[in-house]
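Both complexes shown next keep chain A, but they swap its partner, so chain B is in the first and chain C is in the second.
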Partner chain A sequence: MPDEVSAVRQSIRELLREQHGGDRFVSTVSDSESLRQAGMSSNALVALLVAMEDAFGFEWDDDVHPEALRSIESLADHVVALRG
Partner chain B sequence: MVVEPAVPAHTAAGMRTAWRPVRPPYGPHQQSTAGRRAAAAALAAAGAADRTVPGDPDGRPRFPPGFAGSISHTDRLAVAVVVPGAAAVGVDIECAAISPRVARFVLSERERHTLLPPAGTCTPRELFSAKEAAFKALNGIGTGGHFLFWKIELSQSGDALTAFYGGATVPVWIRSAEDISFAVAIQR
Partner chain C sequence: MASYEELSRLDMTYHDDVPRIPTREGVELYYESRGEGTAVTLLNTFFLPVPAWRVYTEELDQHYRVVSFDLCNHGHSSKVEEEPTWEEHAADLIALLDALEIESTYLIGLSTSTVFARDVALRYPDRVKGLVLTGPAFGPRGMRRQRQIQRAWLRTLESHGLEGLYEHLYPEVFSAEMNEAIGAPGFLGFRESFSALATVEEMTNGLKRAMQDKSSPEMLAGIQAPTLVVVGDDDFLLSPTGAKELAALFPDGACEIIPKAGHIPFIDDPEGFQAIVRKFVEEVESRA
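Moving on to the complex of A and B:
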């Protein structure tokens, strides 16, 4: 499980690198830091969520809790939990 | 003034808007500073003695009592709106294009069919901005705790949009120039 979480976090970082201006943002944001408070726009966050649907093969539930979208850590935990 | 929605006089009484550029290197710190400067300018124009806008622990700006306000920024530009006596204000500016996929994500099927052309006249960027502005205003009146801004539902209501969430409504006005969309939601 720890390896899976780590791999998903790394994949999310790759998506962020593609979606959000290269290395500048990804190299400074920690796994647990709020992406929005780190300077990510709502448009960029939604673009990341859409890219995650394609990359990980799922769709976000309508009732997903906002806290799940807070950070790289919480996003990765959500993906791993969906995989069961 | 870059661009500003035409808010009706009875709603916009005393409304003040201020813009400030984001300085290089255009990072989160510079964006936040530009937003606070815009807020101070809008508060000054509105007649507030206290022109400081500290941040709550969750990052939301806390305007002085009696001067409801809101801040938004892109990576190059910040805006603040203050409406004395309003219950809550939400403002948003967007410069980036909204991709069709992102539009499908944040807009319901009903919203796409009624508000986007050919049935409607709004652009995806304006509707995205309207939901963000409404989200800030609805949070300002304590609606529903934690929720996601795209869960807000929009409908056309005359010259404005009406935003709905959790039994609460707020009117939203939008205006665009070529490279920017501006939305403001005001709860009187």
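Moving on to the complex of A and C:
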């Protein structure tokens, strides 16, 4: 796995730790696991998306496919793809 | 500007410890009851199950007994083979009120369920103390526009699934104010919860059932209960002018307009909406 993807995943985990129940959630959810199925509410997802805009310096677009929001892995891939 | 703070506190989980209320053969309803005093009963649409109301009735809970329930075939209530008619939903509601020992109640209908509220008031006038019709699904002359919109939503649902339906109805149902305030993160994040609200089958059946609804000025003239029409002035379905004309068709009707609010005005202004309901209930109660 490229270092950039790994670093973004780690940053997303940090944001989740700050916003969604500390270590408890982050320590149990895998990179590829569905965040919703792991128990994350849509409100928590909204908060994460807002935090990602600040952390990674981009703005979400309405056209983003639901699959991109599915997991830590897919979120990180989206960020890296935006960077080109 | 509205903060939409309540949206961030939405908790769509159900309570496991609430016993279901049997209403008719094969049907048990999930319900919640909070607070004490005069009963105020919330009527769900096919899109908004019981948990969605909680953060928007916190003030009402302090003053009244607020009852909410999932319609048969929706949310956590019983599933039956055929989508119930409003008549059957009304029978379920009356059985629920009986079980909760509520002699009469105020009804708060929203969008599609304003038809339900109207029909309960016509069929069981002794059980209804007053009606709050929020973002009514019918206008002063009828509901052709509503049916056309529901047909378009249904076609989108059939061809593009829940995600497509969400994208179709989001800019229609929610106000411009909310759309700008919560931006793309809000749009994307709540798309996730929308797909968890109901199944394609539940929404399809609900929309098909709602498309059979009818309205006429004559029906409204038969409603004796005091009736309050509440709309946001950014409601895509019924304009403030139309809402005032609609209210005038009820023998005891009034109208309140919430600035910058959309089709579900309590999302935009929970405090203002609950204040309007309280003012209405207190005014009607003071007549007794």
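Here is the rule we use: the second predicted complex is superposed on the first by the 83 of 84 C-alpha atoms of A that agree within 3 Å, B and C clash if a C-alpha of one lies under 4 Å from a C-alpha of the other, contacts with A are read in each partner's own complex, and residues count from 1 in each chain.
Going forward, a residue touches a chain if its C-beta (ideal position, glycine included) is under 8 Å from a C-beta of that chain, and two chains touch if they have at least 3 such contacts.
Computed from a predicted structure; not experimentally measured.
Undergrad: Clash or fit: chain B against chain C, after overlaying the two structures on chain A?
TA: Aligned on chain A, chain C clashes with chain B.
Undergrad: What is the contact status of A:D61 with respect to chain B (first) and chain C (second): first, second, both, or neither?
TA: In the superposed model, A:D61 contacts chain C only, not chain B.
Undergrad: Tell me which partner A:A47 touches in the superposition: chain B (first), chain C (second), both or neither.
TA: In the superposed model, A:A47 contacts both chain B and chain C.
Undergrad: Based on the superposed arrangement, let me know which partner A:R36 touches: chain B (first), chain C (second), both, or neither?
TA: both
Undergrad: So in the superposed three-chain picture, is A:V80 touching just chain B, just chain C, both, or none of them (first/second/both/neither)?
TA: neither
Undergrad: With chain A superposed, which of the segments 95-103, 203-211 or 275-283 in chain C collides sterically with chain B?
TA: That would be 203-211, the one stretch with clashes.
Undergrad: Would you mind listing the overlap between the chain B footprint and the chain C footprint on chain A?
TA: 36, 41-43, 46-47, 49-50, 62, 64, 66, 69
Undergrad: Applying the document's contact rule, which stretches of chain C touch chain A when the two form their complex?
TA: For this pair, the touching residues of chain C are 7-12, 163, 167, 182-193, 195-196.
Undergrad: Residues of chain B touching chain A in their complex?
TA: Touch residues, chain B against chain A: 27-28, 31, 59, 74-75, 94, 96, 98-99, 101-102, 105-106, 128, 132, 146-151.
Undergrad: So in the complex, the part of chain A that touches chain B is made up of which residues?
TA: Within the complex, chain A contacts chain B at residues 34, 36-39, 41-44, 46-47, 49-50, 62, 64-67, 69.
Undergrad: Looking at the complex, which residues from chain A come into contact with chain C?
TA: Chain A reaches chain C through residues 36, 41-43, 45-47, 49-50, 53, 59-62, 64, 66, 69.
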